[in-house]
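Below you'll find the structures, each written out as structure tokens.
Next come two complexes built around chain A: one with chain B, the other with chain C.
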Partner chain A sequence: MIKFLKLYERFGILLFIVVGVVFLSFASPNFLKMDTILNVVAQGTYAAMVGFGMTLALTSGGFDLSVESVMALSSVFLAVFIPKVGIPLAILLAVLAAAFVGMLNGLVIAKLKVNPLITTLSMQMIVTGAALLIAGGKMIVIKQKQFMELGTGKTLGIPNQIYIMLLFFVIFYFVLYHTSFGRQVSAVGSNETASRISGVNVDLVKIGVYVLVAFTAGLTSVIRTSQALIGMPTMSAGFVLVALTVTILGGTSLAGGRGNLWGTLLAALFVSMVYYGLNLINLQIFYQMLAVGLVLLIALFIEGLRVRYLQAAKAKGIRV
Partner chain B sequence: MPGDGELLRTYQLTKTFPGVVAVDKVDFDVRAGEIHALVGENGAGKSTLIKILGGVYMADSGRVSFDGRDVSFSSTHQSQTNKISVIYQELNLVPDLSVAENIYIGREPKSAGLLINWRRLNAQAQAMLDRLDVAIDPRAYVADLPVAQRQMVEIAKALSYESKLIIMDEPTATLTEKEVLKIFEIVKALRSQGVAIIYISHRLEEAFELSDRITVLRDGRKIGTKSTRETDRDEIIEMMVGKVVKDYFAETAATAAAKEVLLEVRGYSVAEHVEDISFRVHKGEILALAGVIGSGVHGLLQSLYGVIPRKSGEVIFEGRKVNIEKPKDAIRLGIGYVTEDRKNAGILPDMSALHNLTLTIIRAVCWLKGLFIRGREELERFQRMKQTLDIKLAGPNQRVIFLSGGNQQKVLIGRTLLTDCKALILLEPTRGIDVGAKAEIHRILRELADRGLAVILTSSELPELVNLPDRCIVLHKGRIAAEFTRETMSSEKLVAAQIGHAKDAGP
Partner chain C sequence: MILKQRGARVVIANQWDRFGLPFLLAVLIVVFSGLSESFRTVYNLVSNFQFAAMVGIGAIGMAFCIMSGDFDISVGSMSALVGVLGASLVPRFGGGVGVAVTVLLATALGFLNGVFVTKLKIPAFITTLGMMYIYRSLAYIYTNNTPVYIKDPFWLFLGNGVVFGVPFAIILMAVCYAAGIYLLRKTPFGRYVVAVGTNRTAARLSGINVDGIKLAVFTMVGLFVGIASVVTAATLGSVNPGMTGQGYEFQLITAVVLGGTALGGGNGNLLGAFFASMIVVYLKNGLGMKQVNSYWQFVAFGLVLIFAVGINRIKFTLLGMRET
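And then the complex of A and B:
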């Protein structure tokens, strides 16, 4: 039992994926085709990329509700600056703007000691307002068609965005598990006081986390904007909840200290599969939301059972 | 059968925890309307005893008779409704509720059986507070009250249960002298109203001023009960201390007198608790700073490491004046630190033993100035430290919370030793760990000192203060009260100095 629970902690989300795949492949003959699978993965990249950032934030014991607004700001920046300074420079500016918001988040949370939830919620509104102001309240069409290549192009038959997402996964994986920064992120999330006493620069770690979260949100927005060729000041409403869902579903603890990047990646694919798959068998969108909500509840319920079981086992003196 | 005016009696009460007998066949009695002081060193079994009476622990054997009946409580609520109230050091009030709500929590007077009748609630609370003759507004939030007044709220709550026995666990530890006098008044007033009080205190003078009888516990056993009028301080101290077993401690090296000064503290003050302290620490010595809660010892040591700010004074380290504002400054200089609060300020509960241990040097075992962790080097440093300190674990990836207290403590010591510190500050180095691990940690500290480290520690355990250090400085109310060397130290003198009776203690 304990062995199973330990495996579940790491790969529990795979269980949901297997069940989903089996169900969908019976329900729709088209599900197990290369195109479908690529589509599911491609649709999952946004949630995955922003989810990687969110995983980092949660691991540090924090939270970031401002990612949506950061994505909108980047999108507007692209639309405004591409005609003026060209595509590469505009991308740079868009991502820098995103990172700047992240730095503000980090500074307020680390230096002014405002609760991360409140900070990023406020920032969400402030930055949305700023994006709307810059865009004049409307969507801005981007006329430079070559910008579209980035998000819609394919290499070896696989959409570019999948490569970019995988690259991000590798980068985040190394950052979280193989750099001293990542180690300190986990340490701060696990016990901030202890980290400070051990000489960790807690403030700097927190600022770094929020910069990284916003930076990935900005880059994700670049890909999305290039697919739509529109700068949208209110883009992706509700997206922050998707990013949070995949992070938590993937097994990252809300209490901080334990981030599971594999889990986030797999959960993003799972959520994408539910949406795309149920669409494929012609179910209304309502069912898809219902299904994802249910799975999240079930997953957290099992997680609670798991933790309580391990604690009970430990109390009885069983080595876990 | 209960004797004259007897309220409570325990018969052969025993409670064991893995590895220790916390309360050992204690026969103890309290009379109605008396103040009964319960004294003893830390670990003597006082808190376990009152937690049994308060329904927190169940006794393994023995029985308790209260008010003429045998009783056995399995919850705090049960003991309260049976008219025994315990006021713990860490008060059990809800800060976000008002005074009246706290007093009647869960028993609020209702209108129509549903809505809280605020007027009656506040009036009843006011009546309880009036019995204590204290000026506290029942509508005030507990969070806004100073500690002394919170204590009075707890007492009012106990009265509201019509308690016949109120047990107070070190009520004055964190109070100012004026507040202490107010508490004394209240305690005496309760006695005249017929309530019995068990009063636990570290300060013997309080026991003598307040109590009718004094019971001394040591190592879980009752040593004796004396009528306060018929005994004196020396007798009680001797009963508390007993004869300390010396030989389970590590052997001491040569005297530190001739050794080089590593750290000097001059005119050091911290907030309200530490006033104008000066002392020196030599290479290769173990120096203990002793003092009861409120003496300022913890604040002083925390401030030296930069955990809390200092008010004034200077620190000279290796001959240079240094400025330590945060732990990082101390680490850079070569000062290490092991917290007394292992759970909240020490371990990283979600992480492995390996990651816990190497936290302080994680940037040093990296390529490219802190970028990629060199896993093999990290593991090597871990293995070496694991061997040096003999840490027992299933493997480097075992989560630290699954280690025993002693091994967790070794992980924390190892974590700070990895920084190659020259001075090591430890607060309560063996709190909450078993006897075997204690002896091991003492041996480790002695070895470190022999290798030239300056070890500075504080402890609330008497044997650790008497036998481990080369030198011991005693603080009382924020000032240095006495200094002992191994030659001049004795348990009696140390206890006397800690509670403010330094008679013949000279530097």
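And then the complex of A and C:
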């Protein structure tokens, strides 16, 4: 069983994707065309990017339920500031606002030692309220058409957002696996007390993690907003479910300590394929939510098996 | 009380437990009555009591859940799903069946949550997060995103009826609290729940069926959400698959935590949860009456929860306990 779980950890999500590709290419004659594949990948970039941040948070033993509201806040910031200060500065402000919320999360969790669930749930309320207040409860149309280039433009025939996502993947991969910060994040996630005793600045690591989560959410929001050209205070409701689902399905342990960025990337592609499949049969948006919820349950089931067998192995004294 | 020997700090903490929340509630009512003409009408104060029943009844189940060291954040969606299902049965089978199905289905869904939580060995909040979206989307799909109206007199009576001059919802809430407090203080079950919340491993080693307790607790959450959903649906006259129960989990957690139950579990205060749910409802109503932009209410409630956690932190520090 442990062997199976190890195999699953390495290849399981690939199996999901292969099954999905085979199924979809039978179901739709258009699926195996370059445009469709690029489209599916592009649709998956949002989940992937927020998922990278969430992977980091789960690795550190926490999580963040406030990503939706952070995305909404950034979106509203863009719509408000683009006419006033121009596009580049507005993007900077939007991302900084996101990072600021992340810092607040991190400060409350690390310094006040409040449970991450309560902290990020409250922050979700507060920031949603703030976004609605700034926008006056309405959507704000952005009139500067050139802002659209960022999210809808293509370079060498490939949508820009895919490059941005890949860039983020490389950065996060490097940070998580090849820097001391990344190792400290894993250490804090597997045993906070031990890391503290061995000299890791646990509080700083946690604050850094939540800033990064919010930062990726903010940047994802910039791309989405540029595609819609609307600042939406209610943008991306339910997105936290998607972000957590791709992270857990990708094999990042809920117990903390082990992050799997590859898994997150592939799981995001898989969820995007599920969306594509649902669109094929013309199902409403509610079915997307249902499907992602069910995928999360499957992912939790597998994670539950893993936890159980690891415990059993530990009890028998087998080294895993 | 052994605790009393530790002096003034303990006295302060205990007095807060006893008088703090009622005092806060009184201050709130006085302040809003002073500020708003329409707030201080008897009608408003009583109808608020009815709304308090929605939060108050649900908070009993959530209190047991948090005492046992877990959270259930699927309650809002659960309320919407069972509400639309129950209400949709009324035209064909009558109000009695509709109410019964609402309560029983909620209990069953709570049981289902419990099965997932105990069998998967995964923190409950994440399992129930998944269930939250599943229930919500099922409610949308079942109704095709249209509200279901309730016209049945029996069902409407449960939320709006008056018995001997007292609104029925308040009587129902009182009965639920009496049952909850009895269960918590006078039965082994209550002690087991607290024991599981304090130290799960120790509870298991001393022979408590931890999974069984968890299963029972999540089923209870479902039961009380079911009862609260019936009252809510009657008071509002309809169930909306998208709007019903939005933010309900947040209100319940706030009521329980503000009521003095420790976040990590291990102690419980049902009377506190009662007063805290009144505070939550009067605050919401008062802000609404003062025409405060409803978006500020999001901010206010987010801050109230953090404030509640802070109060608990101070209290447990005074008592020399560590909150996890």
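One rule holds for everything that comes next: the second predicted complex is superposed on the first by the 276 of 320 C-alpha atoms of A that agree within 3 Å, B and C clash if a C-alpha of one lies under 4 Å from a C-alpha of the other, contacts with A are read in each partner's own complex, and residues count from 1 in each chain.
To be clear about the criterion, a contact is a pair of C-beta atoms (placed from the backbone, for glycine too) under 8 Å apart; a residue touches a chain by one contact, two chains touch by 3 or more.
These figures come from a predicted structure and were not determined experimentally.
Undergrad: See if chain A has more residues touched by chain B or by chain C, and give me that chain.
TA: After superposition, C is the partner touching more of chain A.
Undergrad: Which holds for A:Met125: it touches chain B only (first), chain C only (second), both, or neither?
TA: The answer is second: A:Met125 touches chain C but not chain B.
Undergrad: One more residue to check, A:Ala228. First (chain B), second (chain C), both or neither?
TA: Once the two structures are laid over each other on A, A:Ala228 reaches no partner at all.
Undergrad: For A:Leu14 in the superposed arrangement: first (chain B), second (chain C), both or neither?
TA: So A:Leu14 meets neither chain B nor chain C here.
Undergrad: Tell me the contact category for A:Leu133 with respect to chain B and chain C: first, second, both or neither.
TA: In the superposition, A:Leu133 touches chain C alone.
Undergrad: A:Val108 in the overlay: touching chain B, chain C, both, or neither? Say first, second, both or neither.
TA: second
Undergrad: Give one of first, second, both or neither to describe whether A:Ile162 is in contact with chain B, with chain C, with both, or with none.
TA: A:Ile162 sits against neither chain B nor chain C.
Undergrad: Starting from the residues of chain A touching chain B, keep only those that also touch chain C in the other complex, and list them.
TA: Touching chain B and chain C on chain A: no residues.
Undergrad: Residue numbers of chain C touching chain A in their complex, please.
TA: Within the complex, chain C contacts chain A at residues 71, 73, 116, 119-123, 125-127, 129-131, 133-134, 136-138, 140-141, 145, 247, 250, 253, 257, 263-264, 293, 295-303, 305-306, 309-310, 313.
Undergrad: Within the complex, which stretch of chain A touches chain B?
TA: Residues 174, 178-181, 183-184, 186-187, 189-191, 193-201, 253, 255-258, 314, 319-320 of chain A touch chain B in their complex.
Undergrad: Please output the residues of chain B touching chain A within their complex, sorted ascending.
TA: Checking each residue of chain B against chain A gives 305, 307, 326-328, 331, 337, 339, 344-351, 355, 359-360, 362-363, 366, 370-373, 375, 394, 402, 415-416, 419.
Undergrad: Residue numbers of chain A touching chain C in their complex, please.
TA: 63, 65, 108, 112, 114-115, 117-119, 121-126, 128-130, 132-133, 137, 238, 240-241, 244-245, 248, 254, 284, 286-287, 289-290, 292-294, 296-297, 300-301, 303-304, 307-308
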